[in-house]
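Next come two complexes, and both contain chain A; in the first it sits with chain B, in the second with chain C.
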Partner chain A sequence: MMDRYTKLQLVGIYAAVAVFLIFMLLPFFEMFMASLRPLEHLFRSPYQFWSDDFSFQAYKDMWVTVPLLGRYIFNSIFIACSVTGITMIFVVPAAYAYARLEFPFKNMSLAIFLGVNMFTGAVLLIPLYRVLRTMGLLNTYWAMIVPGVAFLIPTGIWLLRSYLEKIPRELEEAAFVDGASRMYTLRRVVLPLAVPGLIVVSVAVFIGAYAQQFLFAITFNQTRELQPLPAGLYEFIGYQSVTWNEMMAAALIGVLPVMVIFLFLQKYLVAGLTAGAVKE
Partner chain B sequence: MAELSAQASHAAANSRTRTMSEGLFGWLLVGPAMLFIAVIVAWPLAETIRLSFMDAGLGGEKFVGLENYQDLADSRRFHQTIVRTFYWMFLSVALKLVLGLIGATLLNAAVPGRALFRVLVMPPWVIPIAIGCIGWLWLYNGYFGVLSGVLMKLGITDGPFEFLAYKTSAFYSAIVTDVWVGTPMVTLFFLAAMQGVSRDLYEAAWVDGAGRWYRFRRITIPQIMPVIVSMALLSAIFTFNSFEIIWILTEGGPRGATTTMIIDTYKVAIGNYKFGEGAARAVIIVILLALFSLVYLFFLNKVNKRYGAK
Partner chain C sequence: MATLNLNAINKSFGSAKVLHDISLAIEDKEFVVFVGPSGCGKSTLLRIIAGLEEATSGSIVIGGEDVSDAAPVDRGISMVFQSYALYPHLSVYENIAFPLRVQKMEKSEMDERVKRAADILQLTEKLDLKPGQLSGGQRQRVAIGRSIVRNPKVFLFDEPLSNLDAALRGDMRVELSQLHNQLDATMVYVTHDQVEAMTMADRIVVLNGGQVEQFGTPMELYHHPATKFVAGFIGQPNMNFVPATVLETTGTLTVELDGGHKMSLPVDTTGVSKGDTVEVGIRPEHVTLAEEGLDITVNVLERLGGVSITYGTIGNGTRFCASLSGDAPIQQGKNMRLSVAPEDCHVFQSNGQVLRRKSAPALVA
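This part shows the complex of A and B:
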């Protein structure tokens, strides 16, 4: 049939996939190899691909060298989860309004939200620092959560709105005719139907919040106990003698929990993107 | 019966909210998000604009009018930074789109193992950018990185090659890392779009004897064009604003070779405490990005009309 490939084509496809995946996974592989080498071996020149003294010692020692490693991992996930939760609280009603209701300045306000997408925290750091200082949020979790939420709200609205638009209006109208209030309809009719979309948008927001904690953390937070993983580890890389093998081990272990979660979620993610992004 | 009356009383209790006008309800839902953005983004933006007319630092503020802008207009180095930033953006986005398209096509091919391949593409996207950069930092190292090691083994370079030590190689190394970070998301969105293309189209073309390349060019590309153009804009904005990658790899060096406008702004404002001069740079970034987006959206409109998207 149409999808059948010749042997030669199959070989070509697999070869191309292999090259593509090697590019995607090379840094992880390199980090893993580095984590296995004893420190004195790491700096041996000329370069050796294989060595006989590979060991997992770094995975033990890193907990001593980076005493707060567990805390960093927790902070990263905690901050990303908080950002996701709070963002969704703002996003869900707003996205519903843009998908369903007519109200004054609708298009203009939507344009403003989308315009925020063009900014990054990096251009607003000084005034943002002052705002957070005025609110007394510096050096707290909030210093990293609040800006994260602000820059992810627009993306969330944009993604969820296109999702909600695909839910048939008739169901809501039926509920409305039966005497349900607008809020009741939103909570009991629309949200349950939107669950797959809510999952996809939450996951997308989580990725954004998890991947981009570094800048806000190094700028707005000096409290070591509150640092997320990337900022916590980056601090060690500035030192004179970096125990690189342990840093690599810590980085890999640090991202492991979220990676495992994604292994389970990826099915929903691709399926959800299909439903949400295609018609956009 | 009891259930019915409960429902009725519920409806009655809600009759007040029911009469609320749609306009008011709409703003009630949008308002909180808008307020949040106003405090955390709009107000700092207004402050940035104000600061850009000031000579501001740790010591205080003094109004200097357009002086900060005048300095930038006269600075050859700043002009180079603008050109470098756009070159950085165009090159990186082009590579992300091409790789994303190739990657999505491969992952969409009906071959055994593709479910696994899809999972393996994701890691660069779902880890903190800064962590991935630590891996690249190691890869680019001349003495213990595998890249330099392979180059030496192959006899291409005599000794260790430090990728981040020379102006040209540092710039392109940073591009490669940026492409690495951005490609998975582009790939997955393209893949999702490709799966939304109706099979009937392909089958009709196949019956008519159209080859794979022809089907790709004449069906896949036009069908997913709306997603391609919106991903292009999205990743252009991301790439323009990319901070962590360059900062961790090179901090904008060597000798400014990887200094994009974002890095420049950060260095001036945070590194040297020149808040006014930094703010002027930030304002120029915002203006340039807004102009770029408007021009782009203008063309997007044309593309959408041509390909019949809504």
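This part shows the complex of A and C:
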């Protein structure tokens, strides 16, 4: 493909990118700025964009204001990792089956999975609450992990299936002719070749799990020690005042793991999401 | 090693019938090539032998044992795929050793077998590399190596050379023939390239539309094609087919070719009668320049040095190709006269069946 643009077009493209990026990043920037200011400066009028008393004090104080903050961050990561791990255990064989095997209602069940994806968890909160209560899972880690897994499996299957379909069938046929069983082929041939795809799906699931845990946490869990960070942030809202600067600092620390994962796995994500788009 | 018998194999995909009652008896240590145009069912037939597809009906017997319902690995076959199907994440060694790993073979014996295969295929230096670091020909050899180590009774090749460039294909052809001699194995080879078929095969199966047109040695196919399809498929350049009318059927077959030339051809005349329309098959290499004979208009002349190939027309625009000597005194756009020996001509009925030639060159084994 040729990508030749006139100067004017280039300016237009970069302007559009800039607008988009600013729209996306400004909240983060504002969060960061807010976290650096002493609380009283946040309400100063007129609003000062730049002030000379920036400090990282809030990053220290937040641990005191909310003593369980460390625990919340751990919970967030723990829940997201558990959801990711359990989801992958279900998704890998399912996606392989959808990619390679023929069975009744294959396309229909795939369509249903897509349909489930269109619901947000919020629609199903009340029935889910009853299910979890019946199973005695309320106020445990499972209350946040089980629904998380359930909602992410369809996405995972759809993503991984398309990746697995890209692996040449002949490789599996060759292994089959040589006497390898399905499981052996999956383990020795398919999965090693699907590593980039597995990473993409894991990251997508992890991010999904990280984002959705708030809803499940505030609905299905009342045990403070088990709350993930998004729910724990509420503790910065006190009876008298809200320590916004510390809350912003804690939120930034909270999104840090996701950002780090993104940075390290970026090349897989880009390669994985576009994989199969063109014939190689 | 083993014989391979196919008994009345039929295969349908849904309502589409792709193979019709295929029965073949392949001898021990024979190199048999399935050849035919794309879509003729040759690959499907090979996959049925391999056990990757199930025949709708019919049975497969390898080495006297009915394996129709056996898993591929229990059939004693191994297969080389068109795309090589190498595992990109494994080294050459591991690729070749894969079938042995599946069998959980002991390390020392596996090592020995892989080394031996690598030795035969000149891959010893490459064992630690990944397939991605190899050339096309080397990859092909790795794929063959993987099929050798299991000591199968029958080797199956699915268009293994079609991904290689022309020069390499020629080399690999020779290597495969040598390998066949070296291994003394029964081999079944699928290709759409008649040159590969002619050069490598002990016997060729010509498939067309899911049916066996003819099964015979390359020279049988060349000198005694059973049908017009086989005659047109085997030989390079392709055989010319000139429409003709039967004038006389006693003794020899006397015909008048398109363009008015009359010939008496020594063929079995059973089944044709005076006035019938037939086609006379003339190979481009069997004609010579002459004073009397077929009137050809030369449209295109290709001088290749050793030979000159002409593309022209005869009679009412029937295409006619001739292969003449390199320095033949002919010119593009001019007419020429060609003669052909009557015993070199083939005659096909309107249903495509041949009239048996009474005199033909002795078959070269």
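Points to keep in mind about this one:
Going forward, the second predicted complex is superposed on the first by the 253 of 280 C-alpha atoms of A that agree within 3 Å, B and C clash if a C-alpha of one lies under 4 Å from a C-alpha of the other, contacts with A are read in each partner's own complex, and residues count from 1 in each chain.
One rule holds for everything that comes next: a contact is a pair of C-beta atoms (placed from the backbone, for glycine too) under 8 Å apart; a residue touches a chain by one contact, two chains touch by 3 or more.
Everything numeric here is computed off the predicted structure, so don't read it as measured data.
By the touch criterion stated above, A:A175 is placed in contact with chain C alone, chain B being left untouched. The larger set of touched chain A residues comes from B, when the choice is between chain B and chain C. Once the two complexes are overlaid on the shared chain, A:Y184 sits against chain B and chain C alike. In the superposition on chain A, A:F20 makes contact with chain B only, while chain C stays out of contact range. Look at A:F54: by the touch rule set out above, it reaches neither chain B nor chain C. Judged by the touch definition given at the top, the superposed model places A:Y268 against neither chain B nor chain C. Taken together, the two structures place residues 178-180, 184 of chain A in contact with chain B in one case and with chain C in the other. Listed in rising order, the residues of chain B touching chain A in the complex are 7-8, 10-11, 14-15, 17-18, 20, 22-30, 32-34, 36-37, 39-41, 43-45, 47-48, 51, 99, 102-103, 106-107, 109-111, 117-132, 134-139, 143-146, 148-149, 152-153, 160, 180, 183-184, 188-189, 191-193, 195-196, 202-203, 206, 226-227, 230, 234, 237, 241, 243-244, 248, 262, 265-266, 269-270, 275, 278-279, 282, 285-286, 289-290, 293, 310.
Of all residues in chain A, those touching chain C in their complex are 168, 170-171, 173-180, 184, 188-189, 192-193. Of all the residues in chain C, the ones that touch chain A in their complex are 50-52, 71-73, 77-79, 81-83, 85, 87-89, 98-99, 101-103, 146, 150.
Of all residues in chain A, only 2-3, 5, 10, 13-14, 16-17, 20-21, 23-28, 30-31, 33-34, 42-49, 76, 90-91, 93-94, 96-98, 101-104, 106, 109, 112-113, 115-120, 122-128, 130-131, 146-147, 149-151, 153-154, 157, 178-184, 207, 210-215, 219, 228-231, 233-234, 237, 244, 247-248, 251, 254-255, 258-259, 262-263, 266, 269-270, 273-274, 277-280 touch chain B in the complex they form.
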